[in-house]
């Protein structure tokens, strides 16, 4: 519920561009790490100070500044001032309820993305906002908390694997984007596992819990869809963008990540359809069970009610009841009862209830 | 219900441009307040007369005339005549069932918006129409009642906080627009609280009231959607507008408020999905309860009906019933009854009903 | 039902342009009335002959010819010949199952609209086709029956109220269009009243009639939507039209009527949503009632069935039943029964059924 | 079912353009009829040979060749060769599962349409594919079986009624198109009759048959929609087409038939909505009946079960039951029972069940 | 379930363009077959080595290289290097979870398609990814497993049937595309058979299995739709493409295959509608049965419960019950009971339950 509400009311009434961190403070200290590289050399600082990383600004090498933790507004302000970033962009970075988007500020591009992971404790999807600023020779990334999906990218830079060391900052931005989209498939696979589990439960022994799990999964789909849907526009915006920041060669990679984003959306849509079908199955199976319960009641009741009536008749205490005196009455009554019971059973057979 | 009907029938048959106040009279007196400022000076009159405020017209400073209360048609007519406002615009201002819209009249822009608040007494959302007229150096705002969401903007002007004192009337119009959109998040947060409450109720002990609350919330969503949906077009219209009234620098702020409007719409859509899911849950839980009720009835009835039949048999008064005379009949009957009851229970266990 | 079928089969097989009146004959005599005016003079004939009204053709004044009743094909043919109207247009005028549309024939514009009113006798919406032909200095309107929504327009022309006498035929056409659209709000208000009534019924005591009323209202919405939906295109067509017949000043009025048309559509959509919600409420309340009925049955049956069984036991006639002889048996049995009944009631309390 | 599957598997694996007749052979012999006309003369052969009709090719008059029966591939091949028709077009003509479409081959236009009629025997809609080839001075039409909706067109040509004899082949093609679309209204009227019948049944005495008829009608709507929906594009394609084959004057007639096609689609959509509403009504009425059944059971059972219990009590055979000896016990028991029964009835009244 | 998840997590973290085979290894050995032809000669190798087939590269003839089995990454790498294929294309070929797509790389076109077949063992649809690379004089096709739908194409090349030998590589690509789309009709026909079976079952004797089959078929539709939907864009992309690789004459054939693709989509949509209708029918028939069960119970219970009560009354052991002594009491009681039973039956008749 709460996580679907995207904009905090903390900010209401402040002038636009006022820097206030909105969102949980998810990490204790703000950590800045820098990776500066070109084809031939590499320099890495995992625990850098702001001043150190500003020093890389005018070098021709590609610089990746990764800021983890958003609650120290001062750092952002200085970074923004140094790299000439618009106050509204800084505000959006701090405001972690953004919708994924891409904005072109001429000198740099600003991208907001959602990084997803499955919180095992609460058993729900959690999203973390990742903001990227792509300049001519630098990428600045902002994350809310420690732990991300960028390690493979870092590995490739360190080991000079793939094209990444030979090309510019735009390819680095693409690589980060790709890492985030790839991670959606991991999330989807986990959801697929849970859907399959529920499906087996549904066939074997559906309970009210099954229903609640289905509804929970449906809600996760709503959340997922909301986080990922705008991504399409972001990436296709990237492709249409006629910005000198994106070189020709990177476009083909963007097309690739766009395909992946569409695959993610397709899969989410399929999952939604499947969950809707599972809901139908659940309701049908509940209604079938009810039907069966009713049948049992009906069969037992309709067989015995007439018999009990017959027994009641001969339990009456009238003085003049000729049958009571007859010698074969008792076995005859048994016979009549048997006949009634059998004809009832035959009737139910014919109806297909037995 | 009523509030979804947007156009009163009071006006039917009048020529277009005829000024008639349509809507409740929500305030006793019409109050005009003026805020005139530039970077260096500021002049404020909270209880101004019409003549006083017309005096600001030709000054180069930015003038914000705020009219609260719409039932005095005369005032509107004079304001309109002085600022050259088209009669249809004045008509739209008075007719409080407008759809949010933006119209470009060359010399000025006309914007209709909906300001929402939650009426605690009636426990429902209430919308108030706010009309803005943006000229080259003035903004005129019209409200139906006292009390609005513009106090932070007023504060910023008075304290010269943010950019607002340094820039033109277009930025002021943006600031008012932004204040209204920001307020939607407050409304949404309240709705989110109510949805969460209902959700807990739904899990704990769903009643018919729960259902009615869900339906009520659904209807609030319809109302909300109807009030806010056109806003998208309004703001994107602002952005596309090639009007000399909007300067380049303000456009980036409009993009920001556009993002917020889309976030509001996204959240409303998510809430609708969630409410639909809650309705399903409610119906399933009702049907589950029914099922449980039926099971209890069936178990009790099917266990005791055969036993009662057996008791009925030996309650018959036939003269010749050999069993009645036997010494161990009574305990034997108990034994038979016990066996029947136990086998019934075993049967229900196997069916999974116990 | 019938009224949703738009095209009669009477015309099948005739060549296009063949003039056959299709639809009910709703009025006895065909009546032609003429209103000819400019800023300074006005001439009105409420019962004109065809020849009289043809005389106005070449005058520079604005002429409004209003034809009521369509079954006299001859009159139409002569009018058409005189004003140079295409045979297909005449065919469309006679064929009262048209969809609202706008067609530009260069020399004149042809507009088809639906005028709605609520037939009190049949308690349903009835639509009447109104066709307008707008030439450079004339408007010809065709109606099926006496009684229309144009009286305010006539009044304004007679009293020279508003702009209408100072401007051309295009403004007259707009005024007629506006009168028709305004009337939709009257219809919507009546529907809103009926929806509110049904809503109260739904809360107080829903019956099968309530359901049928809901379905009837839903169908009225389908009918309404079908009649009004194309209007959007018609009016926006008017605005996009680059015809010399529409002067610049009228465009702003068309924008106004376009806003109204969209408000009508919005309201219809909201009503549909509300009716769908009411259907859900009805079904839930039926199912809730069922549930309650079942609970009462179950409680009564499960409390008394075991007790009746106990009574049955001691109604048996076995010779050797030791309990029968005991002195305190009877009160003890009452005690046992009381205990069973109380524990049942406690059980139901715990289940939340009482 | 079967008829919704549009493409036979007979053709799989053949090269494109291979001529194989796909579909039922609906007529015994292939019949070719020719109508050749201009304003002054007319020549008609209802049973022509291929050679005869090829002779008309180079005359300036308008020639309409109508081929009934498609199973003789040879005839098609020769016609195609003579008139220069692309093999894929011939293939499409033979393959009767085509979707309605329009293709422009420069020298000629190729149109596929669906002619519908109601097969009384099977009580279902049947569609027949009609293909038209429109050249500069000829129209070739292909039908699957004898019997069509073109007789009025033939009549108009023979009697020189309307414009048809004075204008070119494009007008003839329009006239055929119009005849087919007009016939849809006949089909819709028949469906409207059936829907009305079912509706009355639904109110009077709904059975499982009613449900099946509703589902059948829904399926006919799916079929109808599938056959007619693409027509919109076909006709609007005609209008947008900048082909020398269509002269200016015919365009206005195409606009007319386009309006009709949209009316057909509108009506189908309305029927679908109505059928969906009828399904809801059916389900509600079934559930209402169930409710009523349950109420009767509950009232009878809850009134008599306690009474039977009381009777059971005094049927017990305990030696020491003081009430049994009292003189007024029996009438008192009746009194108690009466009181119980009355209070039960009062309770049900209050609940609104009686 | 699983098969709806399109992208494996195996690849996460690898640099783009890294060649890893993702998907089941569906065939033991990688087989390369070559077909090289022009109008006059043909050369075929069904078991070729990589080097052999590279030799055809610079010949002017059309070469079709068909690679079956994707797990040998080396072969792909060499083919890619030789034909100048972009690493991302090779990656997409190996990654068998692609969405159908078309990409234009200037020198060649890259097409991904899904070939479907019905796996009889698992009774479900299985899709196999087919990738095509179309260069100026070659087509390279990649398949996951042995067995395809291209045999008719091979036959036509070998027998020089149709146009295929006279035209270029673009026509070959079209022929392969056409073979795949044609095969969808085979799959749809099988599904149509299964739907018809289920339909008959639904009318005759619907069980929970019927429901599960309906849900299974619905899911197959979701799968089918997901595999085929993007095809539309692919083929229309082909048509819009202004590539020198596609010659003018082939375009008309592409239009044909586009029609077929739309027919497939139409049929899938119709099937979905029909399955939704079948689900409704199933639920209604279950609810009807329930209703019938309840009626039987109600009739039996309400007839006998009052009778049993009467019998109970005269089973009481009061000392002073005057009726017990009367001579005609017993037959009178039978009379009363008969009257009660008959009036009950009459009541049920009137209600329409019997």
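Each chain gets a letter, A, B, C, D and E, in the order it is written, and its residues are counted from 1.
One rule holds for everything that comes next: a residue touches a chain if its C-beta (ideal position, glycine included) is under 8 Å from a C-beta of that chain, and two chains touch if they have at least 3 such contacts.
In this text, all values refer to a predicted model and were calculated from it rather than measured experimentally.
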item	value
Other chains in touch with both subunit D and subunit E	none
Magnitude of the superposing rotation for subunit B and subunit C (Cα, nearest 5°)	70
Distance from the mean Cα position of subunit E to that of subunit C, given in whole angstrom	42
Length of the line joining the C-alpha centres of subunit A and subunit E, rounded to whole Å	26
Where subunit E touches two or more other chains at once, by residue number	287, 290, 294, 297, 301, 305, 308, 312, 315-317, 321
Cyclic chain order when read starting with subunit A and heading to subunit E	A, E, D, C, B
Touch list for subunit C against partner subunit B, complex	151-152, 155-156, 161-164, 175, 178-179, 182-183, 185-186, 188-189, 192, 195-196, 199, 252-253, 255-256, 259-260, 262-264, 266-267, 270-271, 273-274, 277, 280-281, 284-285, 287-288, 290-291, 294-295, 297-298, 301-302, 305-306, 308-309, 312-313, 315-322, 351-353
Sites on subunit A touched by subunit B in the complex	1-2, 4-9, 11-18, 86, 88, 92, 97-99, 101, 103, 205, 208, 211-212, 215, 218-219, 222-223, 226, 279, 282-283, 286-287, 289-290, 292-294, 296-297, 300-301, 304-305, 307-308, 311-312, 314-317, 321, 323-330, 333
